[in-house]
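Here it is, the structure in full.
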Amino acid sequence: MTQRRSYQVGTGLFILLGFAALAYLATQTTSVANFRQGESYTLKASFTNVGQLKLRAPVKIAGVRIGSVEAIDLDPAKLEASVRLAIDKKFDQLPDDSSAAIFTSGLLGDQYVGVQPGGSPDMFKDGDEFVLTQSSLQLEDLIGKFLVNGSPSPKPAESGDGSAKPPAPDQHQ
Amino acid sequence: MSARPTSRLGDALAQVGACGLFLLQVLGAVPKSLRHFRETIRQIWFVGAMSLVIIMTCGLFVGAVLGLQLYDVLSRFGASAMSGTVVALALYRELGPVVTALLFAGRAGTSITAEIGLMRATDQLAAMEMMAVDPLAYVAAPRFIAGVVALPLLACVFNAMAILGAHAVCVSWLGLDGGTFWSNMTASVDVWTDVVNGVWKSVAFGAVCTLIATFNGYTTAPTSEGVAYATTRTVVFSSIATLALDFVMTAFLT
Amino acid sequence: MSHANPPERADALVEVRGLSTVLNGKTIFDRLDLDIPRGRIVAIMGPSGTGKTTLLRHITGQLRPDAGEIRVDGHDVPTLPRDALFALREKIGYLFQNSALLTDYSVFENVAFPLRQHLRLPEEIVRNVVLTKLQAVGLRGAAGLMPHELSGGMARRVALARAIVRDPMLILYDEPFVGLDPIALNQILKLIRTLNDTLGITSILVAHEFDAVARAADEVYLIAGGKVAAHGTPAELARGESAWTKQFFGGEADGPVPFQYPARDYAADLGFPERTR
């Protein structure tokens, strides 16, 4: 009987270990790790082109993650991409004239939304929309410009730390 | 036996057909085998927990080698920061399930085949039949369930150990920044398309490997040569089936 | 073949009628008829390869015959569905030629196996029943051993304890005397008799040792060539006049039962020119 009992305990431990490993893989090594389970509020932003931006891509200020991309849709009226961002509740002091842009981390990295804070005394509230946005930088466009102008653009591809100079925003609305 | 290729093909097809019928019989016996739940637990212990050492050791080394190789190759493109990402993706999507299944076939599959084969050779299966105990429900189904349950868990342990191995090599030894290693990984690895799909794969591999092992044991010729032959066939066919199924599942899952 | 149609008995536990079996192209049984009366010990004897074990496998439904009827306790075994067959087998004990103990389990657990599988009994009752049966075969002290620690004869006795643990109505013994020392043989013979006398258990005994059989069996069937060659009490058969019984119990190579397995001409096999007659 004791032998049988030790099998059962051992098997239980084994199953526990397996699920612990699965939980570790799922929560510590994947994008789930980037989810802040805490409270968040929603901001909206429209882009003419989101490029390779994916759901759950990070939203950063000065390279620090403050939230993630919650939804990407096509606005049927304006035929623009409307992106919903979930921002952590603790970063609720964002001036409402801040701008959002889509950057690439490194030459081959994933894309993310970088926010450049503005100077307005008023802060964003839940459901507000970014007035100033800049779309994803398309490599093809860049090469096109380079060929037409004959000189490299002074604006380099994003360096990936999110603290680069704000790109000239294109005006929306 | 026959040297003619056509009848060899016929034999192979007959084997596959018999194996399929056996699967149906085993699945039919699964509800009855729940009465022998203790036996299932015991089998999970034997095929799962007893394989942990080999799985963890191999996982650690596979991860370390992957880290070493990928760091070297990626740094040629100035992308060594992606080492963790590539290691994780390669592991979750392919190497974890496949290598675990191959190790499992060698470690647990062979012992299942040899055990059932010897039970056949020594009339233990017939004795169970005579005691009105269905050997499908008492012998085959618990091992099958154990394989399906144990292999995904083993694959997860393998992956976790491999990530630790890769981390040890890339970060502690080669000097990659730990934050870079983890953040690049967490940015690009997805729970569903990468981790969970890998788990599904290993569930399927577990089913196929234990089915082949059980079937070969069940149909062993009752001699010592028969048992040896059946054990060899288990390893060969499990490996082939795992790799072929891997291709098919990769094509459909991604 | 004076025994092709045995006299009808009122109460036969096992009735075999017109049993025909062909295995691997070899005719094992050719319209065999026999009866096992309730509460008796019946021995089945015959030369090697006559299908004595096959007959037991037919009776327990492990093997389907090509034709014929096998009735056990009123059920026609070849046509029974699996569930009913299993229900019938719960009332039958079977002692395998090579014991067939479950190698994973101790002696105790082997004997307890049928109890644990089919009944939900409190642990003390299981313990008492198992120890009683082990005591009957003289191996109560070996309860903690594993099967690989037993000699062949001990393993057979454990298997016997397992076969009788649920007090079946019918026990089939396949070669129970092989590998037993004279003391154990005596005890087993006595046990078979006791089971039969006290519990009214019907027994079918497949064996070669006529002396041992003569001491235990009430009736003997001699099977040869797929048919019943002789039938009667051991004493009748011992002084039997037929060629079959004379050859079998005299142990002579020549007679109706060929000692040689069917083969080509001996001289031709050795490379000499074929003899012409």
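Remarks
Per-chain residue numbering starts at 1, and chain names A, B and C are given in the order in which the chains are listed.
Note that contacts are C-beta pairs under 8 Å (C-beta built on N, C-alpha and C of every residue); 3 or more make two chains touch, one makes a residue touch a chain.
In this text the structure is predicted, and so the values were computed from the model without any measurement.
Innermost chain of the displayed assembly, by C-alpha centre distance to the whole-protein C-alpha centre, is B.
Each chain gets a centre from the mean of its Cα atoms; the one farthest from the centre of subunit A is C. For the pair subunit A and subunit B, the distance between mean C-alpha positions equals 37 Å.
We define each chain's centre as the mean of its Cα atoms; on that basis subunit A and subunit C are separated by 79 Å.
If you average the CA atoms of subunit B and of subunit C, the two centres end up 44 Å from each other. Across the interface of their complex, subunit B is touched by residues 4, 7-8, 10-11, 13-15, 17-19, 21-22, 24-26, 28-34, 58, 105-106, 108-110 of subunit A.
On the side of subunit B, the complex with subunit A involves touching residues 38, 41-42, 44-45, 48-49, 52, 79, 81-82, 88, 92, 149-150, 152-154, 156-157, 159-160, 163, 182, 184-191, 194-196, 199.
Residues of subunit B that touch subunit C in their complex: 118-119, 122-124, 126-134, 138.
The part of subunit C that touches subunit B in the complex is made up of residues 60, 62, 86-87, 89-90, 92, 94, 96-98, 100-103, 113-114, 117-118, 162.
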